[in-house]
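Down below is the structure, laid out as structure tokens.
Per-chain numbering from 1; labels A, B, C and D assigned in written order.
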């Protein structure tokens, strides 16, 4: 079942490696089937060079394995909580990509330091608060999803399609798993440029009007970037 | 029409990716046909792996599409204003290459910190002022061209073939699109070395006499670098 | 003799190069045969592109060459002292990988700045004290092994499978040579992210409870990461 | 004539590009024929992908072209002065590799911050003084050679086989052009690790005894690194 989605989720995991975002098995990707609402997710801790599309695990929204011989990713409860919270999300990836993770480890939001950022994020890339001792000890992965949603608050997850989990690393999402990978790649490059910019002495966000301009060029009603669909 | 120029502009866009200057579709290249004065430019937001030479758009100097089924790059008005301002420019590229963009986001000129720089730029790589709110809201891309020209002032654009747009990123140009790519690659490496140099504690330009020496070795009447043509 | 182990040790040396951890011949790998207790180690100073599995040297625990026409790695006494000190170690690699070496040259432990670190190390990656003049002048390579073991103290080498040798670089190990390479690759990425994090202003370890959580997810009795074995 | 040396010098130039040390044509390599004392050097400003071994230029020690249709590298007088000053040098390369160039632009010697450095350099990698205005204006390339030799003073060029030219970049050499490339690659990696180390807060050289130990392991009478020759 869900053969195409399995292929897409498998391909997404490989793309993360090929884009230099994932070392060893430090990442995972999942996609949601819009018809059945089932989730396809990477198995836990399987080496990428041994993995095939049929290793992808099909689960329902309660995390019950519907198909597959593998254990799903340890981070599955985080993915499920994000899917449950936002109907617009159709794909999620989690990586430990170096620059985005450094911002997460520093516990800092990535400010919108230029138009590269503003083209993709409608404002800063937010970093969550730290989890409490209690939240770490019990239902850790579920609570990781919860602090992401808490941090987003009223923000549209499609306008800010990534959050940094404090002391941990980035989660990125999109309408499907391909877009989630696309956003994870964009995030790492934005985090990298922001790192260099901060070291050159500039830590303040650009003016709101420039964020509006660039974001609106690409997103929403008045968008004029790209081809007509 | 303009088959060769389309190939060259297409190839330039691919070269930007292969040289690590462009992630996703964050860049564009254009070339000018010296006979007709027509411009060939990348289409907006088309994925590079799906793009072919025939996707390149032919426009006139007013931005009217003369040939092609695609919308030209969003940044077309910037390109056109540069072509209109400087007859010597035959090719333009715009990228968000990481180090050059970091300098642009920091709002800083790249000082001529060594001979690598002086071989290619007759002085600092200038950074524009920020656009005003008004300039951002209306005719943004045209105004981007205008601040570049304003920043260059009396400088020969062939002696300083790149400008950083504040909060945005680099534009580079040349006598044709191949040279524009060449200069964009040089700029990114120069921006990278300058970044490391500044972090090692040196922020002052080299003496003017060294800039003169290195620039004149490669450019103008007394040049003695390279082969006779 | 030990044909498979020779292949594995040879492959490990090549993997270090392909993972960008070794320039020229700046590294070495060894593996222990669990049955005979013999060690297979890289020959000293042989160019990697000329090396074959049959160049690997078989030595006993006293460092006597049992088989092979080559001199074993100069760092052999360090490897042997680690094998002698810890029965659990079945493979060792030494590299001068850039970020881990920078931490070693700075003489600093790498603090556990996030979960990427905690997934692999049960606490900081320790840096040894400097060797004394005496220790450098006589039995230098043996003494290098001794300061590693001294620095680990009561720490289980499998819970902290890497140490930075002050002014020198990292040693990493595992149950076999493949795992040692795996840990060396993980260490370099962790050292890289830690470098960026520190430059972003965060130098303090995460809370102990988060280290416990992530380490225990992957290691020991309560582990729930990866597939059942 | 000198077919093999031409191949070696050609290959050296390509190796510099493949090792990421040279962008565009920002580098050059030369080799000396031990029998005739003739020098083979890269032509000036020829694109590397169009260059063949037969483009290499044969010159005598006065810089007179003995064979070849191309102009020799602009930096030829620097190479010749080094060959004339040190009989032991059989190959020279010049690059603008990013980290070594950053140290040169910062006008700083690279201190021996660890054993990676001490394995290759018997002390710091020296940076020359700046050239005077006069030295820049007249016989610039010859004077570049002179400040290198001035900076080395009584140092054996084989014990410190690289110098950084202030505001410019590195020159590296060896007994032949292959060794010169080898040293240029080592220098860039050492410069990179030193850059990270300094940013982590350590700027002081290691103790002399450690430099002695590591240098003597690899070089001179008591060396015990590598295979018997």
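The rule is simple: a residue touches a chain if its C-beta (ideal position, glycine included) is under 8 Å from a C-beta of that chain, and two chains touch if they have at least 3 such contacts.
For clarity, every value in this text was computed on a predicted model and none was experimentally measured.
Counting only chains that touch, the fewest steps needed to get from chain B to chain C is 2.
Centroid distances from chain B, each centroid being the mean of CA atoms, peak for C.
Averaged C-alpha coordinates give centres for chain B and chain D that are 32 Å from one another. Once the centre of each chain is set as its mean CA position, chain A and chain D turn out to be 46 Å apart.
Shown for chain D are the residues in touch with two or more other chains, namely 199.
Pairwise chain contacts in this structure: A-B, A-C, B-D, C-D.
Of all residues in chain C, only 23-24, 26, 43-46, 70-71, 74, 96, 98-99, 101-108, 130-131, 133, 136-137, 140, 167-169, 195, 198-199 touch chain D in the complex they form. On the side of chain D, the complex with chain C involves touching residues 113-116, 119, 182, 185-186, 189, 192-194, 196-197, 199-202, 206-207, 209-210, 213, 217, 224-228.
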